[in-house]
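Take a look at the structures below.
One chain, chain A, links the two complexes that follow: it is found with chain B in the first and with chain C in the second.
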Partner chain A sequence: MTEVKLPPLAEGVDKASVSYWHHSVGDNVKEGEDLVELVTDKATFNMPSPASGVLKEITVNEGEEAKVGQVLAKIG
Partner chain B sequence: MESRERTPEWLKKRLVVKSANLSATKKILAEFRINTVCESALCPNLNECYSRNKATFLILGPACTRACCFCSVEKGSPGTIDVKEPERITKAIKSLGTRYAVVTSVTRDDLPDGGAAQYAKVIRAIKALSEDIKVEVLVPDFKARQSSIEKVLDAGADVFSHNIETVGRLYSVVRKGADYTRSLMILKLAKYIVPRQITKSAILVGLGETESEVGQVMTDIKAAGCDILAIGQYMQPSKDNLPVQRFVAPDEFERYRDLGKRLGFKSVMAGPFVRSSYMAEDSYNSMEGKYNDGSEVAAVGGRG
Partner chain C sequence: MIIDLGLIDYEEAYKIQRESVGRRILGEIDDSVLLAEHYPVFTIGRTGRMENMLVSEKALSGKGLKVLRVDRGGDITFHGPGQLVAYPVLDLKNRGADLHRYLRCLEEVLIGTLKNYSIRGQRLEGKTGVWVNGEKIASLGVAVKGWVTYHGLSLNVNVDLGFFSMINPCGMSEIKMTSVAGILGRTVGMDIVKEGFIVNLRKVFNLKEYGIARTHSRVA
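Our next item is the complex of A and B:
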């Protein structure tokens, strides 16, 4: 099981909002393809999936905020 | 316009997450207590550049004596100059394996020379490490003091850069404390003092300027003898900064690139994620004609 964590985006930026999940729970995802869209005060990022597998769980939903290091999803 | 309008597709930055270089770069910068404009300006390209071992050093800081409304660099009273700074920078350059160093600074209106002597020391220290390392400096306006500009030029940077940032009409809103004509004068003076000096400038779009005003500022920058130009989308760093007035579409950047070539710039980078220091080495090399495909540069900026 791979935990997808919110990576550091810039110094002093300790949180981001999840604006869009490119996949739903149960989908097969491939390492490197867009998984989740993140929004900080300054910019919008597409974060690629860190692993291939089934998206087992989404722990931060669209519109919610997460802190750097927080688990956003689990891939197994 | 609503400042928090939904981001257009072309302004979504692909995040680099899996990279050994990214964490190694962060570690080196922390070890030598290096400030970077990448971090101070919350740059969206940070992960991408760090993963290529590239960072833009911010000297004489971290605090800036000016309070430009587009910029998120810390404002306040800067401390004394760190005499060890050139040494810390060269140690970081050695660890990072940098072949093309980009050095910028906060504005130091409190210093009689605006910090020019420190620039010169940093340039000389890098060149002492290896003459082969190219150095690009992005300087503040030094209040157009010729002696400060001479001090920096004497140290022998490969590229001397000063950003015009925006159109003349918006200076009172965007760059309080700066002056459009004075900033152009920096570029002119550099060419006047050292005619063979490569000079560079950058502007941000989306701050409320019109396309024809951008054409005018590009013409003015070219008239100042400038060789390299970078044009990118302004992004609001925090709620305390100016809101974005407009997201400039990729085809408009393409028109700026075409215009830049017609005006005779040796290299023009224009794209949503282009910043003055972004891909600076490629920009420099494309000017030499080794990498001369302007459309490819735009594709990089657009894809992120």
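Our next item is the complex of A and C:
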């Protein structure tokens, strides 16, 4: 199981919002393809999937905030 | 490479941007910047809300105007002729991988560009963009894919500000927009604005001295 964690996006910024999931739970995802879009201030960050597998769980939904290092999803 | 797309449809320029991002990620091209002016169009970012569009879709389509949902940060904005739009395609991995620092750098480029016209552009804490005496002259909305940037900024030069009254720009109802022409009381040459912009862009981002390629001749 690979945990997808919120990466640091800017110095001194400890959180970001999830603005868009490119996939739903149960989808097959490939390493490197767009998985989730995060937003901080006027910038969006397209995060690639860190692994290939099935998107098992989404722990932070669209519109919700997360802290740097927090688990956003699990891929297995 | 700095590529001046001239007056171009938003969606067409978007395709060119995405293509450039893909090529930058693969290392096929170096850091690049696309410059453009767009035919009138409203775009709304991921975090934007449709209620910030104050005119019905029907009324808009009657005027031949569209609202496009786009994958940048920020709320709703307007693009039209007389507004300088820039889409930097830069690999931020080589530049500290910091989204907020990138936004501040874009503001610095704009503030430097405005100085050529003795206009004092300012940052306002918590309100990304460039402001002159409390009115907004330039808007930012960026995105990255694999730390390569796309989307970017728009600077109101000679643009018809009337279009902004159809929206709550950036989702703020109290906001007042301004332009270089509005402040100076005369229109200015877009090509000269672009030249000043490029000088500042190169300085702030330490870009190599590249030529400017023109893909479209500007419609007079």
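Note that in this section the second predicted complex is superposed on the first by the 75 of 76 C-alpha atoms of A that agree within 3 Å, B and C clash if a C-alpha of one lies under 4 Å from a C-alpha of the other, contacts with A are read in each partner's own complex, and residues count from 1 in each chain.
Just so we're on the same page, a contact is a pair of C-beta atoms (placed from the backbone, for glycine too) under 8 Å apart; a residue touches a chain by one contact, two chains touch by 3 or more.
Keep in mind the model is a prediction, meaning the values are calculated, not measured.
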**Message:** Between chain B and chain C, whom does A:Ser17 touch in the aligned arrangement: first, second, both, or neither?
**Reply:** second
**Prompt:** In the superposed arrangement, does A:Gly53 touch chain B (first), chain C (second), both or neither?
**Reply:** neither
**Message:** Show me the chain A residues, by the header's touch rule, that chain B contacts in one structure and chain C contacts in the other.
**Reply:** 9-13, 34, 37, 39-46, 48
**Fill in**
Seen from chain A, its contact residues with chain B in the complex are 7, 9-13, 34, 37-48, 50
**Prompt:** Where on chain A does chain C make contact in their complex?
**Reply:** 9-13, 17, 19-20, 34, 37, 39-46, 48
**Asked** If you look only at chain C, which of its residues touch chain A in the complex?
**Response** 45-47, 71-74, 96, 98-103, 128-129, 140-146
**Asked** Can you list the chain B residues touching chain A in their complex?
**Response** 7, 11-15, 17-18, 38-40, 42-44, 46-47, 72, 235-239
